[in-house]
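Structures incoming, each one as structure tokens.
You will see chain A twice below: alongside chain B first, and alongside chain C after that.
Presenting the complex of A and B:
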């Protein structure tokens, strides 16, 4: 034990003399853990919020009765069922806009606490300390989650006004409530939503629903039983989003570990003498390894702690963007604030320990095999590296085969990511060999001793810099790939939006009767060219949630609905009720193509339609089918009007919007003009990739740090190579420029390799990962300007990384250079 | 006594479905607010039927309460309870819709040789899920109902309810008159003047069918209806009560209750009912009650399940023993309620209710 302490103290003394190395190991672990735990924090928060939303009643897990037609039904049905012995509980829900400095729309949920099934309690609120009198009121209570309250900028006890000027019950904070939801008594809900006597659904206790009793005949015409589904759609739909984030976090983690690996490796090189001395003093090999492992563990703990803290900060910075994109893409409500369990922090520390061990294990292995009397000679190291290079190339070939196999046989997001990882690792492993080969070629063309030295010395530096350059390569390639994908997607998306959002005004009526009323009124208004109702049915195909949209036969669809593939008579077939069009992602999921037969199970029968067209439906996490409205209404009595699309004189839009809002009591979220909708969609898009972009640039930063540390540590051992040149008459300034040139040459070669790799990655992302994750394939765009910019950024990073060590070199005293010769044995 | 129990029950409603019994002091303090705005029970008003069979909105608390002593074809004792409570959250008349001030609570129980089952139903007023109509008489909550015959007042009733593993459907018929307790229905509940309107129909003969775990049993027997409404809570010192409704052999009936109070003798009162329906109010000093044996209930509480009851003025000296000692009602507000057998100076059957244990 005493021996271990002494060896540990001896080992630790090294860091006192090399604080920079100490910092670099810590920085590596810190950055790696921070990025990884940050991403995990985002994922955990989102998943916890899905669980909160899922725990809210009326989620998919609860059996319920819903209207066959329209969104709502008369509460007389509820009373009739109760009096027939059905233990139903009424729910009224809707969107409620809250007036304020920043008006926002929330989900309003009206419940009836007396009849609520026990298992449907709102996150445990009804079991303890529930104040029935207070909840029912007057004035009642409006339950709201603390994060939602904060987002609205309101305080508990306040009574905000709704968009149409009604006062809400006093707000009461309920910590466990899902974000973006207000829960009130059903009576208040009917008033606030202006739906007197109306209900949205009736909840059933699971045990009762399991008996599947037949509905009374007169109610069976109005209501239908929606069985509970065990799987949580939100969790499933957002899986790919979170996997994407995880992959980015993983990349950052790996890059961070490159730093640690480089720094630990260097520390080992420098401590060879010390290790030899300790062994010679009688410290056993196992004792030495134990001390080194302990040292590594200390580093991991320190770096991990710092990483967990910064990971938390990073996540809280990114969370608003992530929450916004989840809301926009999936309608998932995620809090704008983090609330994490201690497990998350412990997991962060564990991953730091694991990372440190992974990064340090090759050094530990080398220590175990350390020949007691061998000298640390860079050239010998380079020679030994030759063996490593060959092994790396072999490994790379195996990885290439793996990537090809994944591409060819894989049909999951996981296999897509394995493929991307394999491609990136292959490139990283081949980098030293490729750089070496490139330098070898350059040697042949080099004339003059200094030029030859320049190239040869660069080759000699390669092994030490290889890992840092690999990190740079990965970070740059990821930037190129993700950048190309994002920018390409953006252009495709905006073009698609322009075409698809062709109506001038979009109206979301409260229910179908109101839709028909509005439609009739609008037809008589001057300046309105067409009112196109969208009929909608939500169903499932092969277990996947699918929206059926029924449209009228109108030329505007032919002109403005962009199709990826179509039959020549597509729109005619659709209007005739013989054809259907599918969104790209649904077609992929169902493995169907043009001219295939689509089977749609209705209430009573199954209907067959021919697939006559495929279209892009970016951003929709559910499947989408386009059919004729009349056909849809014939077979689905529950079809309802989801929106009215208005084509009209653009100049009259504001006037008509105001008239609609006033006449039908619709808040502004229900009457949206084209430009607002486009702006909103683009905003969602931008925020979706904001987190990606942020993580990406951080990764590039981490690679820069890796390069900086490698150069710094290399700089100290390079005096031996530089001293002879200085002795031969090369000035110190020239030496600095030569070294800078060497770094930039290596960086330039890496950048040149990173660009094709990045493009390959971009292709993987748009053609493989996106298809698996979201179901859509995007065209691959190459943006020369973006590539140039990233290339320069890579060089700039290297330049900045090289600056510090070179500045040190420039300040070296001639005496130090002279001492190199004195040290020679 | 029923009134007090019902008030506490309404409190249980107000406090939600919490498992533990509310602290009496705190609860009554809660009930005390704007008590004055409710209609008050005042001496001198004559009850009017059938109108008074219906709901008295404006009063805080009210109930329709039936207990039946039944015998199956094998001669075994059964008991059935059907209760509907109305409790007002605030004063004022009934309004249609969810803004109604009224809450409704139903309790149903079946006691017999296979144990004691009970069920509870809760409903908001104003939407038709529960309510009471006077003419023709109908009281209901969900699919439980107590239904009269047009023009017959409460003389003929069909009573039905169900719960997990039990169900009953009973026909009740009485030729006897209604019995008004206290002074023409004005019934005093404590030495401090708390009172309620209180009348009974103790003369029902019952025929019908009960069902337990899928087994059907035809039954016959006797039943007792209580109607009571008030706005006044118990005093803070009153912490529980014991209530007896007894059908004595020979056709007479006896209603007795005591309110147990801290630091004082229990407040007792009752009514002696002759077989022809003639009623005589009993004062506290005419009634002697003493616990004889205790039974530990499922929740660990000890409850007296055998009593000695004496009313010397009517030569009553009987032992009253629960036929099912574990008739615990684990509802929102838990209490004990079950059928009893009478032996001693008189034979007979009846119902016993005990709270605050």
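Presenting the complex of A and C:
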């Protein structure tokens, strides 16, 4: 113990003389942990909120009865079922806008606690334990989650007004309630949603539903039994989104570890004399390694603690964008505020410890393997470096093989990410060898003495700068890759929206009878060219949630519905009820293609349709099938009109929109014009990639910090190289410019390698990762302007990283350079 | 002709101002050699650095062919080092990233006075021909010092300043290196100012001066 303590104290004394290195290691661990824990905080928060949404009516909602047609049904069905001995509990839900400075729309859930099973819990609270009288009786209670209350800027006990001027019951905070939800008694809900006598569904206890009793005949025509799987779907659908975030967090973590690796490596090299002395004084190798490991652990704890705190702050900043993306893409409600468990913080510290040991293990291994007397000989370290370089190349070759194998044989998102990781690591591992080769070529063309020195010295700096340059390469390649993918996707998406959203006005009726009524009224309105109802059925194909959409036979679909692949008679076949078209992602998931047979389970039997076309359906997390409306209605009694697409004179849109809202009591979210819908879709798209862009920028920033720290640390040891030049007549100003030129040259070579790597990454993302994650393949676009911009950004990052060390060099007193020549004054 | 007149230099240390040179005067004629001796801390290296323009004197004058070094801008001092002198250090201070051949020609090329035939001659005389493609760290101490001598003499500078050039070498190697240095300095037509601890080596040069507590010992200037 005494030996360990003494060794540790001797090792720690190094940091008093090298505070910069101390900060480098801490900074690396801090940034790596912060970005990783930040992303994990976002994922954990979202997943916890899905679980809260799932637990809203835990154990009571194992199965439910829903309307065959439309969104709601008469509550008489409930009364009849109760009289027949069915232990059903009614639910009414809908969207309710809340008035205020910033009006927002929430999900209003009306329940009847008296009929809920006794063992059931609502928002984590047992139905037997709460104040029933307070909840049911006047003025009632409106349960709300604390984060939702905060978002609305309201206080508990307040009675806010709904968008149409009705007062809600007093708000009461329920900590376990899902975000974006208000729970009230069903009577209040019917009033607030203006749905008197209406219900959305009837909950059935698990045990009763398992018996699968037949519904009374008169109700079987109105209701159908449905398993409750929405929460599972949300988890499945959002998995890709969270995996993408995790991948970016992992990239940032790895880039941060490069800083730690570089700083630890340099510190060990600088302390080799001390290590030799300690060994010579009788410290055993195991004791020395133990002390180094303990020192590393202390760093990890300090950096990890700072990282966990910063990660929380980072996640708080990004959460609103991530929540908006999840809401827009999947309809998932995620709180705009973080509430994390202590386990998350402990996991952050653990990842910091793991990262520190990963980053430091190669240096520890090198220390263990180098012979005692060789510790102080630079040549021994360089030879060891050479061996590591050869190992890196060998590992890169193995990774190339792995990437190829994943490409050929992989069929999952995990294999796609393994491929991307292998490609990135291969490039990073090969970077020093490639840069060395490029500099060797440049050496042949260098003529003047300073030019020769410039290139030769750059080659000599490579081992010390390699890790920072690898970090820069990875960060830039990620920026190029993700930037190309995002921009390409954006253009494809906007073009697709322009084609697909060809109707002038979209109306979402409350139910099918209202849709038919509106349709009849609209037919008589001047300026309306066509009213095209979309019939819809939600079903499952091979366990995957799928929307069947029935459309009318109208020329506008042939003109405006963009198809990726089609048979020549596609639309004719569809209109004849003999063909179906599939979204690209569903076709991939079901492994079906053009001319294949599609089996659709209807109410009574199974129907076969030939696949006559495939189309892109970006942003839809569910599968989508396009069929003829009449065919759909023939085989699915529960088919309902989901929207009415109106083709009309654009000038008349505002007038007709207002008339529809007034005549049918529809709020503005149910009557949307084309430009609003496009604007909203584009906003969702942009917010979806906002967190990605932020993480990308941060990763590039981390790479800049890695380069800065490496240059700063290297600056201390480079005086020995620069002083002879100064003594031979090269001015200090020239030395500064030469050093700047060296950094920029290495950065430029790295940027030049990062661009093709980034484009390869972009291809991996659009052709492999996207296909596995979302089911759609995008065309690969190359944006020269964007590449130039990112290249310049990489150089600017390097310039900023080099500025500090060069400023130090420029300000160095000649006496400091002189110390390189003499030990005495 | 190098003239040093009443040169003084102090350093600021944690303990206060430390005078290192307290008024040094001497002259070195063209084509001659001078050994500068003295115990550690007597100011020998500092004097050499002042003459090389690596540092500035607090007072006094250093004249090269009648032109003072004082008042010259940094760029002018850099030019003086490039073209006017050849520097040889105890620690060799070769450029580790360049091969021996590039190290040899480096200063001459910087000064725009590269004479390949002369550099080849130097390499031959210094026994470096088989080592031209090697890097400094692949050479022994004696070999490295021979490269440093070749580099200093390659531009045929009027003045060669050598700071304990054999300080890291054994006696036999020291003799060999000094022999070569003296011969080549004579061939180049340069003057030599050499700092050394060794009276034996100093005796091989034309004149000797001894510094003691920052002053030339009486009777030796």
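Methods note: the second predicted complex is superposed on the first by the 795 of 825 C-alpha atoms of A that agree within 3 Å, B and C clash if a C-alpha of one lies under 4 Å from a C-alpha of the other, contacts with A are read in each partner's own complex, and residues count from 1 in each chain.
Basically, a residue touches a chain if its C-beta (ideal position, glycine included) is under 8 Å from a C-beta of that chain, and two chains touch if they have at least 3 such contacts.
Fair warning: this is a prediction, and the values are worked out from it, not measured in the lab.
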Superposition on chain A - do chain B and chain C clash or fit: fit
Touched partner set for A:724, first chain B, second chain C, both or neither: second
Vertex chain A angle, Cα centres of chain C and chain B, expressed to the nearest 10 degrees: 140
Which superposed partner A:450 touches (first chain B, second chain C, both, neither): second
First, second, both or neither for A:543, with chain B first and chain C second: neither
Touched partner set for A:79, first chain B, second chain C, both or neither: first
Partner chain(s) touched by A:112 [first = chain B, second = chain C, both, neither]: first
Chain B versus chain C as contact partner of A:153, first or second or both or neither: neither
Chain B and chain C, minimum CA distance [Å, superposed model]: 80
Common ground on chain A, meaning residues reached by chain C in one complex and by chain B in the other: none
In the complex with chain B, residue positions of chain A that touch it: 75-76, 78-79, 82-85, 87, 112-115, 126-133, 136, 138, 185-187, 190, 196-197
Touching residues (chain side chain B, partner chain A) in the complex: 13-18, 89, 97-99, 103, 122-124, 127-129, 140, 142-143, 162
Complex contact set, residues of chain A against chain C: 378-379, 448-450, 452-453, 456-457, 459-460, 721, 723-734, 814-815, 817-818, 820-822, 824-825
Chain C residues within the chain A interface of the complex: 11, 18, 20, 40-41, 43, 45-46, 49, 52, 54-55, 74-75, 78-83, 87, 89-91, 93-98, 102, 105-107, 109-111, 137, 151, 163
